[in-house]
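Listed below are the structures to be examined.
There are two complexes below, and they share subunit A, which is joined by subunit B in the first and by subunit C in the second.
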Partner chain A sequence: MTSTPSDKVKSSVAELEDITMPSLGADMTEGTLTQWLVKEGDKVNSGDIIAVLETQKGAIDMEVYSSGTITEILVEPVIEVPVGTILARIALAEPSNKIVKSVVPAVDKVNETSVPVVETSPVNKQVNVLDVKISDVKASPIARRLAKEQQINLTGIIGNGPQGAILLNDLTPLLTDKKQLNSKKLKFAGTTEQNMRNAIAVAMTKSKQEIPHFYLSVEVDITSAQQWLQQQNQTSPPEDHVILLALLLKALANSLVKYPKLNGFYQKDISQSDLPQGDHFEQVSAIHIGNVISLRQGGLVVPAIHDVDKLSITELMQGLRDITERSRSGHLRSSELMDATVTVTNMGERGADSVFGIIYPPQVAILGFGKVRDIVKVVNDDMVIAQVLTLSLSADHRVIDGMLAAKFLNYLAKKLQKPECL
Partner chain B sequence: MSEQVLTYREALRAGIEQALIDDDRVFLMGEDVGCYGGCYGVSKGLLERYGEHKIIDTPLCESGFVGVGVGAALGGMRPIIEVMTVNFSLLAMDQIVNSAATLRHMSGGQVNVPLVIRMACGAGLQLAAQHSHSWENFYAHIPGLKVLSPATHTDAKHMLIQALADPDPVVIFEHVMLLNTRGDVLENSEVSMEKALVRQQGTDVSLITYGGSLHKALSAAKQLKKLNISAEVLDLRCLRPLDTKAIVASVTKTHRAIIIDEAWLTGSLAGEISAIIMEQAFWHLDAPVKRLCTVEVPIPYPSHLEQAALPQVEQIVTAAQNIMVAR
Partner chain C sequence: MSSTYTQQNIQQIIIEAIQEAAPEIEQEDINMDEDIREECDLDSMDFINYLIALKKSTGVSIAEGDYSQVNTFNKMLNYLSAQLSKNPQA
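Up next, the complex of A and B:
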């Protein structure tokens, strides 16, 4: 990409930061901006929802990760762009101390020549393992003219022409007419399920092919935990009831504090592609637990509950209810889909005895909770009836060894024996 | 508008006859135009009806009788010179290019050359390499000339009359494959001879062509309609000056252009038209311009090779499908 003089002027204002299409997980290659909730000149705070995205995971509320003023809106909805495409710019309220500075020159409103891929926020940097190639956009002359007139950014539009060239017909659905917007949305509704299926297929295939998984399981007695829950719930109204999953998550978070090697990201060194020397594990101190939530219409999402180790059981319970509800209503926030450091798949009451999940890259572990069952247990030469569930762990052998994994599982099982201490 | 059905040959003859009747200054001159009735039978019967002062047989000397035509035009006559085929016109090229086309300029506007030169062109009759070429582009290259390519029966009749009314030299190309075809001849010309005409309205792709390739483009358009491709067929009619407005208008509408030109690809009019589209309609294009021209070999004698060398309907259909592939 050549930078024009005006680009240089913009770049020299060092406080500008790019807002890019977020990668909401390794399985996401592109997202569709359906609506801006801010306009140029608006002041925003870190964490504000600034746009609505349509992704393979359904509708997502996109957050901004810095505070400041939106200076430029670079793409107009509805438009599908690859992950990493610059959507807008923000003038930071405070000087950024982020290590990774934007190295992408300003993109003209009608720039069609490259796909910017550099992730500027640390959050993005952590999770984006996608190697989006910078390549020239091929578009027919009339497509370019129309894009300019309608202020459509051609980067990321999938062209149906020869060699993927963007043709007139590829743009006509994007023209920002209200009617067309609505019909576009309808079209999304029809294809979301298939999109999600495809996304799951891609991510899981990649994970299984790249990550050397190994599996262990431990049967854990949760009789005391269940009793404790019963006591707690007796004295509280139904809407405040705590479920077993909250305990499990809390115990998991505490165990991860002790065994941080299971919490983080395995980063591939993209520049050296096949050489593993550049790959490394990046341990993360924050514990954000992704929860696999299956959707009624099919498919699943994995929104994270943040900083589970720092939450009380009650707060955690609220968090669980909240993400479950919003997963189904389609108002997940982008950060929730981007920064899980470990994932949990919970089979629930109607599920299987145990589950060995596939790791969600770039994470290195996924915990499985089987369903609760009654067993006969020998205690002090006596037979007692106990409630158990199978804790299973799929771990990335590039980072974790079997002994560590076993210690971790046993520690987690032990934690669950004293629910009052969680 | 009343109309009659004639062969292209009869339509040409009707045009000549009308010119002879309308204007006493008009005469027809060329090889075999009199006693033989014209090499392609266009002037059959005219000698008997109009006499040897109006229908003049010449020796086999193109530079000579074309030169005489230039002189007669300078002298106030309205000559129609028939050069048997474009292939032989090379012998008269000095007269056409250096005299007819330049005298108005060389004389500082004192004299003009109201000369009409008719010549047969095109392949398809198994006349081999020395009698089958299409060099319309040679003449379309020359400032000072006007170059017409009547592809319809109405144009066959009326373009001659329009050409005779022009104060400057006009070259008319009559495609040999059209001579025996029958078609409607309107009583009056549809438009001025310098205007291109849309012969088939369409929205998806412009088939830009002229002369002998027009009917191929029209049958291709018919087939394409069945394939759900709406082809617009633009008949250029006048190759110099080109009706660039019509070309640009059509491409602006369809965003795609295929130029069918029975000339060799390199240096063809198709290339010129493509350049015009690039210069004036580039931002309307949704696909690269496609040229369908004759294979760059001397036109072969064997029928199957001759046909293989020329742009054909199937190629136009395929090219249109390809250009529409990503629709």
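Up next, the complex of A and C:
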């Protein structure tokens, strides 16, 4: 695992860290804090649920990624804020070691690394949302990000925020790109469903424009896998029932151990200029598989099952049942939506023969599973009936070459021939 | 102990189990003799969650071998009625 924790100012006193509105995927732009589950002075451990958020992905349990003491609550519910807004601060129990941070999509790191800790010490609680002071210009994080994207010089603009801080709305009239303006406006006006639709539109458009996708597929014989499943499920109670998807995910995880180049993040070096030299692929040893789950009311969420390579089939089934249930009930955890290292879309159940997904940045690959079909196959000059499905792969050509992708798919197909070994 | 389940009880139990997987479904949305998975748009994971919910509320455990006997609402109703009268939950 190559993690490159950001350089922080070390000091002998407890180090402060900002807790921000998380980006739960590249398609999320803002979230609503609906409830704090901690108060100032509370001790928390990494992984504790500290707040409840309402997002384009439904209600989310927000976790904290460090252990320490909550020193300040800066934002009171109920309030909608852009991704990256500082919600609270935590005094770290130990010097920062940002394991989770290193696998968080680098969507929103514009401000984080360049802010010395000393400067973020609280002076004015009232303007907390906006007091990230990098230069002399006050601006909200999303305005800053937009300004960077659109190369707008913020100096001299007086915004409508507290103390003249520049807000997103102050910048929208300056945007030259009308389409972008319209989509941004829409995003803030629509219903939740419309929000989700727009969020998907923005994220997927960006992915398709930035990532040089290439696609390949193989037809895999899953007759033995299906037989194995039938034996397993014939008499077992529903809670022990195994579905094909679990075998596919397990085989995928095992294949990624062998072909780790498909598992990780393509990181943009946004602290530098626009030159691509700083961009690099960060291979990740943990295998967290994001599963595209369609929400019944429309839209989708992509919660991850963690460390799939280390789970038994039974544990994996529990994980799948669990995320499906919580996607419906609104208790997905923030980390589950942030740290997938690869994604799977399973269209088979809905009757499509194959699906070629759009990569979810900063990941570099998405697998597609099609529906199970009966075919006639020639085996030793005889015709036999076999069950097959199409495995597809969309991959990022900046990181992966066709030959590697083909080897990977064939390895995965081979793994599925021995379901009892998964 | 005699069975405390009436047809109406069981019907209600099935609806509630379906709603665990598909919260927006109402009884009038379902054609009782059509494939329940298609009627309620349940994928295989939803279907398992539906069966688990039924097991929680009735104690009846349904294995894949019996799926063909429970694939419509009415078939499920008959199946559960038979199971519960045979072996009522304590």
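What we mean here is this: the second predicted complex is superposed on the first by the 309 of 422 C-alpha atoms of A that agree within 3 Å, B and C clash if a C-alpha of one lies under 4 Å from a C-alpha of the other, contacts with A are read in each partner's own complex, and residues count from 1 in each chain.
Throughout what follows, a residue touches a chain if its C-beta (ideal position, glycine included) is under 8 Å from a C-beta of that chain, and two chains touch if they have at least 3 such contacts.
Quantities reported herein were computed from a predicted structural model and do not represent experimental measurements.
Once the two complexes are overlaid on the shared chain, A:Gln363 sits clear of subunit B and of subunit C alike. By the touch criterion stated above, A:Asn233 is placed in contact with subunit C alone, subunit B being left untouched.
When the two structures are aligned on the shared chain, A:Ile243 is found in touch with subunit C, with no touch to subunit B. By the touch criterion defined above, A:Thr85 reaches neither subunit B nor subunit C.
Contact with neither subunit B nor subunit C is seen for A:Thr343 once the two complexes are overlaid on the shared chain.
Note on subunit A: of its two partners subunit C and subunit B, the one contacting more of its residues is C.
Judged by the touch definition given at the top, the superposed model places A:Leu167 against subunit B, while subunit C stays out of reach. Contacts of A:Ser66 after superposition: neither subunit B nor subunit C is touched. Counting contacts by the rule stated earlier, no residue of subunit A appears in both its interface with subunit B and its interface with subunit C. Against subunit B, the residues of subunit A that register as touching in their complex are 140-145, 159-162, 165, 167-169.
Residues of subunit B touching subunit A in their complex: 255, 282-287, 325-327. Subunit C makes touch with subunit A in their complex at residues 20-24, 41, 43-46, 48-49, 51-52, 54-55, 61-65. Interface of subunit A with subunit C (complex): residues 230, 233-239, 241, 243-245, 296-297, 320-321, 324-325, 328, 349-350.
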